[in-house]
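The following block contains the structure, expressed as structure tokens.
The chains carry the letters A, B and C, assigned in the order they are written, with residues numbered from 1 in each.
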Amino acid sequence: MVKSTIPPMFQVVVDKEKCRKCKRCVMSCSYGALGFTDRVVPDDKNCVACHRCVAMCPENAIMINESPLAYRPHASWTVEHRQGILKQAETGGMLLTGMGNDKPYKIFWDHLVIDACQVTNPSIDPLREPMELRTYLGSKPDKLEFETDKNGQPSLKTQLTPNILLETPIVFAAMSFGSISLNAHRALARAAYESGILMNTGEGGLHKDLYKYGERAIVQVASGRFGVHQEYLNQGSVIEIKVGQGAKPGIGGHLPGEKINSEVSQTRMIPIGSDALSPAPHHDIYSIEDLRQLIYALKEATNYQKPVSVKVSAVHNIAAIASGIVRAGADIVTIDGFRGGTGAAPTIIRDNVGIPIEMALAAVDDRLRKEGIRNQASIIAAGSIRSSGDWVKALALGADAVVIGTAALIAMGCRVCQKCYMGKCTWGIATQNPQLTARLNPEVATERLKNLIRAWSLELKEILGLLGVNSIESLRGNRERLRAIGLTDSEANILGVKHAGE
Amino acid sequence: MSWRYEKDISGCGLAGIINTRRELINGKVIMKSIALQHDRGNGLGGGFAAYGIYPDYKDHYAFHVMFEHEKCRHEFEHYLKINYQIDREELIPTRTHPKVPTHPILWRYFVTIKPDRPDLKEDEIGDQDFIVKTVMHVNLNIDGAYVFSSGKNMGVFKGVGYPEDIGEFFCLENYDAYIWTAHNRFPTNTPGWWGGAHPFALLEWTIVHNGEISSYGINKRYLEMFHYTCSLMTDTEVVAYLLDLLLRKHNLPRELALKALSASFWKDIDKMDKRERTMFTAIRQVYGSAALNGPFAILIGHNNGLIGINDRIKLRPLVAARKQDTYYLASEESSIREVCPEPERIWHPKAGEPVIIDLEKEVK
Amino acid sequence: MPASKTKKTGKTITIDAKGVYYRELNHSIRTALKAGGKEFHLKNINGQRYIGDGLVGRDVRITIDGVPGNDLGAFMDGPTIVVNSNAQDGISNTMNDGKIIIHGDAGDVLGYGMRGGKLFVRGDVGYRVGIHMKEFKAKIPVIIAGGVAGDFLGEYMAGGILILLGEKKKNEMMVGDYLGTGMHGGVIYLKYSDDIKEDRLGKEVAVMELDDADNKVLDKLLKEYCQDFRMDYDKTRQQRFVKLKPVSHRPYGKLYAY
């Protein structure tokens, strides 16, 4: 291969005074950015700024800088465009990336502010008074019927379809075993189990060792149908049909053969080393009535014991799509916004296709209410929930629960270097290389994930308290408690919020 | 909006009286009771609901309507006549009152729905649904007209002022009722306009409310799914519509409907036996968006009784008392003692536990 | 809506499904299965979906009179279903094990994501048959069609065996366009025909002659197929077959710039 002429993005600086030549940094770097002769020799062009070497260096001798190399400034031909073209000219391939959209689009979460009680109604102290986050996912009837026995005691007559309890309205994102390591999958499954939330298997099945956490898992059925069989479907508490992903709406997936090791192969039920291709569509869904057919095929297969979720990317016509999904019989609609994460997606698609989750969520919640079918399905919002602040705003816009993917990865150690697709993750998360996966201690990762859920839930309770409500139902869909700053009238209108001061 | 912080912050005041044997109580009694709570209001709203006041027209829907000007009254009457038979219409009797310097035009209409109402063809809905539809239509679409009472053999009297002044203005000493509720308002959520005063009424349901409903935003959006339009810029109207939805349309047992509004805690639900746990879990699952959150004490009047309920952590006061067949509910004990100095029993209802007082069955 | 009429004669449970909605029908089958029933005869079937969906057990046998609805045997794990007429779309969807025998023609998207068991169709099959079939160790799904097939036969195929006997009822193409497109595992055996044209093949596959191992596979499977349909094995087997295999199991290695 011809040597690349593309300048490096980062500069690795090793402080010679501090370095004791222990080589830990060299061993920790899987990208080939650090070599050793008689001293540590960086190869800047391979550095992805994953920080593993920085974290491992006992002497704090390593610093990663953004490359100071000057490009002649050009507002239109940005450095990124120029580098992309150079790379494509060298390889003839599509540019690939990982994680969510990194372009500076307007982030609507950052233009919404939350209300608080002052005088006219009291705030509530969440540390000492009850504060309820319990949430049920699934379809609810519009009304309940009761019957009274001869002693005049009422009891419930309406038969509810299955609902799944969340102790706090959050679920881990669908990240398949294959795209992430077994240790990462194990940590997500266990943390979900122990926190009373849900993990999502993603489309690669559920490893048999993790079946014991199955009651806290959403088992996904995607177009590739990897690892989908009767036992798997019955392991989970929710079945999710994955139609789309926010980072790459409308396209399929491709897990390269290098990542199909023995464990992945057994779980996905495909031979070791073969590519795992997920077709762009489900080939049994070419139209909305086909979605209904698959939803009920899954319900029949599991004797109507599991809520069925349908996950779609947020696209232009999302409100109508969601309405169709609910009318097709889904119990949960999961919407993934265009900042949602991925293990691998063509950069051009990740950065240009879809709409923000804030707009999509608001439009869907509105539409389902206008049609009087909001009870029939829960809404789960995904795609860049970065803090409990975003979480609260999503709930107030109408989500029953939110998804966290990137945040969960960061909790496990990820530094958002966006190179997940390379399979070289130095933190042992997005890789199947046994030397690397061993770096992620599932016990520690479980604790860190549980800590994150606990910390955000504490913050959520504080915010409910200052809003003067003591249960999550009173926040959900309560857009009255949000105000917009710096949004246009039409943006605020779509979000269904007033401007600050109004 | 400077009105929000104009005065010392206080709270609203509530009072309610019911005689279960339908013995009539004069309007002076309730006026006296609520007057004691003068300092809980700020003069920007007072009102009363009275049941049993129109025995001669007890099978008619009594529409109390306020108009900003004559033109909208004509528009309203024109609209009304399409579907309703008006058997009596008149100005609501008022007296000139120094503390009530301005007021809208106040009319009442005793009407029945025409059996062959033209709208019937379009949507075959029951009488009560049709009344609700009429009220929603007028309040939303006829600019300057506002129906503030629409039940049978009952009526709401309300306006901007202290309740004792509003009562005098409406000559309430001329009315005898077997259920009364009263409200002294300290508006925070809406400026003091006549329509914004309590009670809020829809059909026979009247609501007087103390507190602020922090869950208003979602309650409103929930109701919109069932075609209720919240047009009054205040949180209390959601209570009236929620009751109409849960009790009349969904036909929930009353105790359970009230539990939907003032939800049981999960901690307590978890301790219940299976029958109750199933029931209360389902109520929270299905009616979560109907739950009222934030501080509230509410008196609910209806043709067959009076209900008092407060929020589940008791952020607003409520006192109850009984003397023989007469029950009293109020924000302050003194307000009860003012008109019933020696009650046989006086108690403080628990948080979220409704006090339900029913009239005895009517004796023919 | 009439409830399904269930009758038990000997070991066979007969269900008259005339006008019965699929939910009730499948519910009665599941209930009878739980009670120990193994043999089912479904009469007057017309369009009921999901028959056999998710059912487990190799000793379960369902015979169907009439045209069953879509997703016949979806997610199925063991049972045998015999359809005495034509059948519709989505048969053997994500099926894990078991056998489905269709005595007539079948529709589109058969055996999607199928990972085990057999689907034998006597007549023609529609578009996208065997799409994304996959195999793992000893679990190898098999689809055999006696007639002709539509476009995208074996698309994305990642494993398993597809056999097309190509018996034509009229003047038509034996196999459609985009044959084996995206195929990266498994094998397709086709009756040799001029209809197999290079420009109608997926770019990931090539046509090859059979070797001994292939012939053994064909012997075994065609024997079973002919037995099921009471066909002349020798006549069927003596036709010339070719096979279609992916040239690489990594057809998409060079798509991306890393």
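Simple rule for what comes next: a contact is a pair of C-beta atoms (placed from the backbone, for glycine too) under 8 Å apart; a residue touches a chain by one contact, two chains touch by 3 or more.
Keep in mind that this is a model prediction, so the values were computed, not measured.
Listed by label, the chains touching chain A and chain C alike form an empty list. A summary of chain positions shows that the Cα centroid lying nearest the centre of all protein Cα atoms is that of chain A. Look at where the CA atoms of chain A average out and do the same for chain C: the two points lie 37 Å apart.
With centres taken as mean Cα positions, chain B sits 47 Å from chain A. A straight line joining the Cα centres of chain B and chain C is 67 Å long. Of all residues in chain C, those touching chain A in their complex are 22-23, 26, 30, 49-50, 53-54, 56, 70-71, 74-75, 77, 89-90, 93-94, 96, 109, 112-113, 115, 128, 131-132, 134-136, 139, 155-156, 158-159, 182, 184-185, 249-258. The part of chain A that touches chain B in the complex is made up of residues 117, 119-122, 124, 129-130, 132, 134, 136, 140-146, 148, 153-156, 158, 160, 163, 369, 372, 374-375, 396, 467-471, 473-481.
Contact residues on chain A toward chain C in their complex (touch as defined above): 87-88, 90-96, 221, 223-226, 228-230, 233, 254, 256-257, 265-266, 269-271, 273-277, 279, 283-284, 293-294, 296-298, 300-303, 346, 421-422. Those residues of chain B that touch chain A in the shared complex are 4, 9, 188-189, 211-212, 214-218, 220-222, 224-226, 249-253, 255-256, 263, 265-267, 275, 278-279, 282-289, 291, 293-295, 312-313, 315.
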